[in-house]
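Provided herewith is a single structure, encoded as structure tokens, for subsequent inquiry.
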Amino acid sequence: MRLRGENIIITPDRFDPEVELAGFRRWPQCAGAGAIVSFTGLVRGEADGLTLSHYPGFTELQIEKMAQQAMQRWSLLGYKIIHRIGDMRPQDPIVFIAAASPHRRAAFEAVDFIMDYLKSQAAFWKQETRGGETRWIEPRCEDMRDLKRWSK
Amino acid sequence: MRLRGENIIITPDRFDPEVELAGFRRWPQCAGAGAIVSFTGLVRGEADGLTLSHYPGFTELQIEKMAQQAMQRWSLLGYKIIHRIGDMRPQDPIVFIAAASPHRRAAFEAVDFIMDYLKSQAAFWKQETRGGETRWIEPRCEDMRDLKRWSK
Amino acid sequence: MAVILFFGRLSELSAPLDIDLPKDIKTVDGLIIWLEENYPALKSGLKHKGNRIAVNHEIVDLKSLVSNKDEIAFMSPLSGG
Amino acid sequence: MAVILFFGRLSELSAPLDIDLPKDIKTVDGLIIWLEENYPALKSGLKHKGNRIAVNHEIVDLKSLVSNKDEIAFMSPLSGG
């Protein structure tokens, strides 16, 4: 499931954002980068745990289409997206995004956009457990507003 | 010059952004973070090398004032800023910024703001060498415009 | 045989289904009516606002065509990151 | 003794100076006129648009006061990151 050099990884395994970022910075296509922006999403401590499910095949395909658009829109040198699925504990990394570009504005905007997309448009479903109770989490109005910022 | 756990480091030594980010993520004050954003600025390949100078004492003080404002404005859990000085080669990290917050918007904006500040307002002076010629680099109009985005 | 999948909140209403669709079912809309009649647990869950429907990995609307070779997915509102 | 520092492009015009300021120099403006008279290399460099001036680590303007115990820094336009 985790081929080296892949742009998009969906994995039930724990991952280390800093190891991923170090690897990404050394990709050949990132050699001319002046800016690398990374985002790491972590499970907050309010819940006892999170469970993420996805739609195998479809989820990857949709994320890839979106990421290709981001790649072109911001003329990125490279990007990397990792999304955890399965059961997670507080402080576990859930999601990691990195983008490299010659100048900083492009990398900032691309990572920000990709994250807004993953939050409200990618095919993941999140369940939270608190005090023995499990409930489905759905996108907040804020998440939908965030994504609208990117409509051209 | 490099005390562990410091928020702001100005150093003539090479540094490893991913090691710094890994350390930052484990700071006690970042324990409740849902989002960590990082920016790494690298020397682009167009020049043979860069030399950065600063105003010891003053530079640190000004950056600290600005960072304290960012900390409050975005209710950050923590931030870290590293800026290289001295001689650098292409692909060397020049600058690293990380910010942690409960929700992602704050961390994105804070890192973006801090970088705009460092680019045009912090007391650094940059000389570039290309084909044996050395010249001073001054902020581009774009850098000044970027900073204006943050005026309330 | 069509494959019908349910994700998120909807996965609690039904396991995946392998079904020979009746010949008169031509659209997503028709499929939903048929599913609700034959699988009472799905009643009123499928048309919930915010759900998405994909046929063979393409997002579609209620008027889109379905056939007996398709993979049809019903997805409750998404939430990643 | 006042300490006068030059940064960036201005550091090419003069090394740092330790100077006993004449008593009639009360402001940054007066200091610049005096420096330009006594250090010809500084002529026309100090008032360049975009320069910043700090007295004892505080950014000041041309009307600000200076005294013989101050650290005064002349800085050409900044460029970090």
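Chains: A, B, C and D, in written order; residue numbering restarts at 1 for each.
Everything that follows uses one rule, which is that contacts are C-beta pairs under 8 Å (C-beta built on N, C-alpha and C of every residue); 3 or more make two chains touch, one makes a residue touch a chain.
Since we're looking at a predicted model, the values are computed, not measured.
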Note to self: Does excluding chain A break the complex into separate pieces, and if so which chains end up together?
What the structure shows: B, D | C
Next item on the list: Report the inter-chain centroid distance for chain B and chain C in whole angstrom, where each centroid is the mean of the CA atoms.
Entry: 50
Next item on the list: List the centre-to-centre spacing of chain B and chain D in whole Å, with centres computed as mean CA coordinates.
Entry: 27
Item checked: Where chain A and chain B are represented by their mean Cα positions, the distance between them in whole Å -> 23
Item checked: chain D, residues touching no fewer than two other chains -> 81
Margin query: If I count partner chains per residue in chain A, which residues reach a count of at least 2?
Written below: 41, 104, 115
Note to self: I'd like to see which chains touch which, written out pair by pair.
What the structure shows: A-B, A-C, B-D
Item checked: Interfacial residue positions of chain D with respect to chain B in the complex -> 5, 7-9, 11, 50, 54, 57, 73, 75-81
Notebook entry, point to check: What does chain A use to touch chain B in their complex?
Noted result: 16-19, 21-22, 25, 31-45, 91, 102, 104-105, 107-108, 111-112, 115, 146
Item checked: Interfacial residue positions of chain A with respect to chain C in the complex -> 41, 52-53, 55, 57-58, 61, 83, 94-95, 115, 118-126, 136-139
